[in-house]
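You will see two complexes here that share chain A, one where it goes with chain B and one where it goes with chain C.
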Partner chain A sequence: MAIHWIDALSAVRVGLMYALLALAYFLFARTTGTINFAIGGYAMVAGLLYGSVVTRVGVPPVLALVAAVVVATALGSLTEALVIRPIAARHRDEFVVVLAIAALLFVLQQLAGMLFGRRAVVARPLTDSAFTVAGQTVGVHDVITIVLSLAVVVLVGLWVARGRSGRMTRAIGDNEDAARALGIPVQRIRMLTASTAGGIAGLAGALAAPQAGLTIQSGVTLSIVGFIALVIGGTGTAYAPLVGGIVLSVLEAGASLIFGSASRDYLMLAAVLLVFAIRPEGLFSTRVRTT
Partner chain B sequence: MRSNRLWVLVGALASSIAVLAGCGASPSPAGAEGLTGDPLVIGVIEDTSGAASFYSQQGVRMIEYAAEQVNRGEYPAEIAALFGTNSRGVAGRPIQLVTEDDGNDPNRAVQAARKLVGAGAKAIITTSSSASTIQARVVCQEEEIPCIASANASADIVKNPNADFVFTISPNSTLIAAVYSSFFKAKGYRTVAFVADSTPSSKAVTDAYRAALEGAGMTVVAQEVIPVGSTDATAQVSRVAAAAPAVVFTTCSSAPEEGLFYKYAGDRLATTPKWGTNNLTLADETVEIAGPAINGAKAADLRSPDNKYSTEVAEGFARAQGGDSHLAWTSLTHWDAVMLLKRAFESAGTDEGPRVVQEIEGIRDFPVAHGQPGYTVSFSAENHNGASARAIVPVVFENEHTVVAKDEQMPQ
Partner chain C sequence: MTSTQIATALPRDRRVLGVQTWTVAAVALAALALAYFGFAVTSPYRLDIAMTFTMYSLLALGMYVPLFLGGNIDLAYNAYYAAGAYSVALVGARTHLPLLVAVPIGALIAAVLALVVGLATTHLSGFHLALATMLAGLAVYRWISSTGAEITGGADGIGGIPRLEVLGVEFDRELLVAVGFLAVWLVALCLSRFRRALPGLSVRLNRASPAAAEAAGVPTRSMKLMSLMSGAAIASLGGTFIALMNQFILADSFSHDIVFLILFLPMLGGIASPWGAVIGAALLVLLNEASSLLEGPGPLIFGGASLLILILLPGGLLGIAATTWSTWARRSRGSFDD
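Now for the complex of A and B:
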């Protein structure tokens, strides 16, 4: 079956959303060593907030997008301050922290249900404008989504690689005790990273909200796709989530196009199992010099 | 002092449990002032969060409105004549509603039905999906109480076993599929592509339509599924476009996924006729997501703007709700369910389920608020689906709203 360019464009747009979610996972994992399954919850809250204030209150979409990102940023910080830090201080077992975060995802789900209702919230896009290319309508919102997502991935990549505080996140991730001994403000950097991760997840949720209705159940779905993108990409570099997100989206779209959408979930499962079996560290892993 | 605090705490806890255990019961039946009889408790299964919530929530509000109108004795002219002039309540008894949420989960539907019976329900109206009703009807059969699945489309609901106490009001998928088969044949369509979502209800509906259309000699060239929660339907549109069907038929149960398909089908299937089941007209969300791309899509709706009875109920409901932008046909069938139950309980003169069921089976030509002007439903012991093809109103989307498709003549 011939692949239309609009299929490729959609795969890139969806892949970048997955990449943002995976990047949020990456940042949390980088400094806290924790897989934060509440990432999808932040995205869901931000998406529902964006949709609700735009559609029901009439707030301009750009303002709503900023508000959604700010709220998700706050959720990221609160998770670090109120969940991860205190629990990690009392329990050495990482599993306890992961359990608490999983519980947080369900708390966010219920809170969102009380605040925004349990029905899907359908959001207006950032702009209703569209243009036509070779007989196909392309929404300006889609273009903004692609450009903004790419910009965020590149900026975070540069920050982690070259920024002063960004390099500190790498130091903390590599060896927290050594970083502390070197005088790196571990708590502050962790808080900065958690807030950034929350904000990125919020951006993903708010940009996705106009594509289809988001519900309180969307948090779990978004958490899962973000995690799978992280698993595929690995945690070797800040660009690994980008590769993971795009690979996941292309696999999804390709499976749906070639074998039909009914086969999509089976092929996704097979792909994840394959990555776990052959390259459990993902496509990009951290190289450790042993000599 | 400490003991007092403890008692306050215990009291608060007990009150909370009492409220929670109340199955969402109204404190006193609305509009029942002056009615002295014991309340007639009617249970309602709702979906507050699942795929059926798009129509279930408005349906529950309509049942509340209908119960209040019965308690007040205020009816539109089309039904008032049937009940007489002094007909407040059900034989003078106020209707009291109790509700239970099944989350559109068939497994929870059984538990919900049992809770409603435990709360004293003498009849149950289901506003969740067909798949839920198929499970919940087992409780109606065991407890021998009438169960009305007003808006459900699955023909299996009224098929035995466990179908002695359950009734449906709107045309089921078998009836509508038969209408579509003749209609598509007459239009010369030979190939069809189905677009469904991943809910069990959508699968059941798709299977019914597919069997009917294939039985009529049509070839299914594509059957695509949009997983619930998707943010993109480009791949599904591409596959449908590649199959080049004469007509596209959407059989989704979940509104966002149906809207998503139309949104992405805009350019690539612009010239292909697109029809949807009557689910297409149910929820605002479908149109909100699809946007202008929904224009030109057609559906066999069950609500006609020419039906005065529909309009009166819709306007009364909108006034009571402070203005509801869009009234789904499913809500009109829930109004009809309350009116049917009033009639059946009054004729039976008792709460005993088997007697009430017998009365429903005896109902002929009962005027209902959905369907074409003057449309009525009739039941019998052999036929627990009271509908006929006269319920069907072909509509087309224009400017993101439905209007009657005058140029489409569907078989009656």
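Now for the complex of A and C:
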């Protein structure tokens, strides 16, 4: 079976969605040290919100996209302010945070079920227009998705590497006490990264909504694929999630081509155990913490 | 190292009325169960609810062992639940063996699955362990619902499971519920005794301080695997009872949703005692009865309450009871002094 370039394009589109989710994890982990399992929940809520307001209320798609990103941004900052900060202040135990975030993901799922219903939400693309290249139809929505996702990855990369507040995130992640002593506004920067992470996850969910056929169950699935992309890429640079996302998507597409689509869950498990066993720090890493 | 020495290194247990919280909980629950069961005999609907309570309790008690005693995250509990249920279904519907053999088989399969998961994730902790074990659970669910359909019946599940018969006694629905309640009560009682015996203390010490546990000569690695395996075996009983009761099983019951629910049960009731898991299960069932299971606001309230308890009241309901009691007792004693 020949692999067509259009399949490659769709693998890239899916890979970029994974990359955005992994990037959201990356930002959250960078300043709070927390793997925020609720990331997929934000994406699911944003995707369902986008789909429902466009289809059921008739809001213009672009406006709906903005609204979805705004809501996800709010969810990200609320998570930091109301869940992670109070728990981390009292417990040194990572375990309690893991449980709280699992509870949060469940709450988001049930809340979305109340708001948007429990069946799959049909979402329309940003625009229905398409063009033809070499006999293949390419949707404008897909092109927008790819360009927008790449732009976000590059912007975040530049921000983290060059921007003033972006570099502060690294300082907080490396040594919180030293950062505080230097007068870095730790809580404000944390809030900034948490809300940015929420917004990015929301963008990923809303852009993927037309093809993904999201349900409230998608929150867990999206959380898992995003985390796996992060695990594969590592947390060394802001571009590691991009590589991780693309690698995961290509692996997935390849596996379903060879073994059939039911092999997906096994592949995920195998990939994760393999990465954990061989290169637990991911493809790209910088050793900053030894504890 | 003696149990007293280890016990001093751990936080002290709370007391109500001068006795351990668990004793109060055990007596109260036994009384409640008897009262409820008195009504249950009359209505088939109540029997189903009673059995759901049994199932949730056994799953949550199973998860309590590695997670809340030992601090080992294992989110593949849907797989152990499935091991118990499918053993009953396959032995009952596809073989002529006595159905009772399915119970140890299910527990054994669950324990072996837990051992494999535990060995594959030896060096992981925290979020990474959560991810890997959750994926293991997902893979098992995938196998049950699609890839392994030739054996498991796929999404249609397996029906036509005969009634359990032991020495000529047929276990009808009433008897199964009674045995289920007894099993929950026994497991919770044993676990709360285990918690305060030397092996239980060692498991808890390993959670509180792994370095101290190593130094005290606790075989941490085999202890972790043992706790994972026994937790899985207990959880498999939940599946065993459900399959015996309903006489059919559907693959959809074994998705990861159930893992989330049972994860919250001990938190809701209080993680300081296994009885907390049972109280949490009772609350969930009552809440479900008030609003239908997956459509109403029940799960939302339930998840939200768990989240709030984690953020605000880490002791859970048993913790609140103990705190209220000690505050009240102190205050009333104070008024005598005046």
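In this text, the second predicted complex is superposed on the first by the 284 of 291 C-alpha atoms of A that agree within 3 Å, B and C clash if a C-alpha of one lies under 4 Å from a C-alpha of the other, contacts with A are read in each partner's own complex, and residues count from 1 in each chain.
Note that a residue touches a chain if its C-beta (ideal position, glycine included) is under 8 Å from a C-beta of that chain, and two chains touch if they have at least 3 such contacts.
None of these values were measured; they are calculated from a predicted model.
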item	value
Partner chain in contact with A:Val14 - chain B first, chain C second, else both or neither	first
Partner chain in contact with A:Leu104 - chain B first, chain C second, else both or neither	second
Partner chain in contact with A:Ser218 - chain B first, chain C second, else both or neither	first
Which of chain B and chain C A:Arg118 touches, first, second, both or neither	both
First, second, both or neither for A:Ala208, with chain B first and chain C second	first
Chain B versus chain C as contact partner of A:Ala262, first or second or both or neither	both
Residues of chain A contacting chain B in one complex and chain C in the other	113, 118, 217, 262, 264-265
Contacting residues of chain A [partner chain B, same complex]	1-4, 6-7, 10-11, 13-14, 17, 55, 113, 118-120, 122, 135-137, 208, 211-213, 215-218, 221, 252-253, 256-257, 260-262, 264-265
Residue ranges of chain C touching chain A (in the complex, touch as defined)	71, 73, 120-121, 123-128, 130-132, 134-136, 138-139, 141-142, 146-147, 256-257, 260, 263-264, 267, 294-295, 297, 299-300, 303-304, 306-307, 310-311, 314
Chain B to chain A touching residues, read off their complex	48-49, 53-54, 57, 223-227, 229-232, 234-236, 238-239, 242, 255-257, 259-260, 264, 266-268, 285, 288-289
Residue ranges of chain A in contact with chain C within the complex	34-35, 37, 82-83, 86-87, 90-91, 94-96, 98-100, 102-107, 110-111, 113-114, 118, 217, 220, 224, 227-228, 231, 262, 264-266, 268-269, 272-273, 276, 280
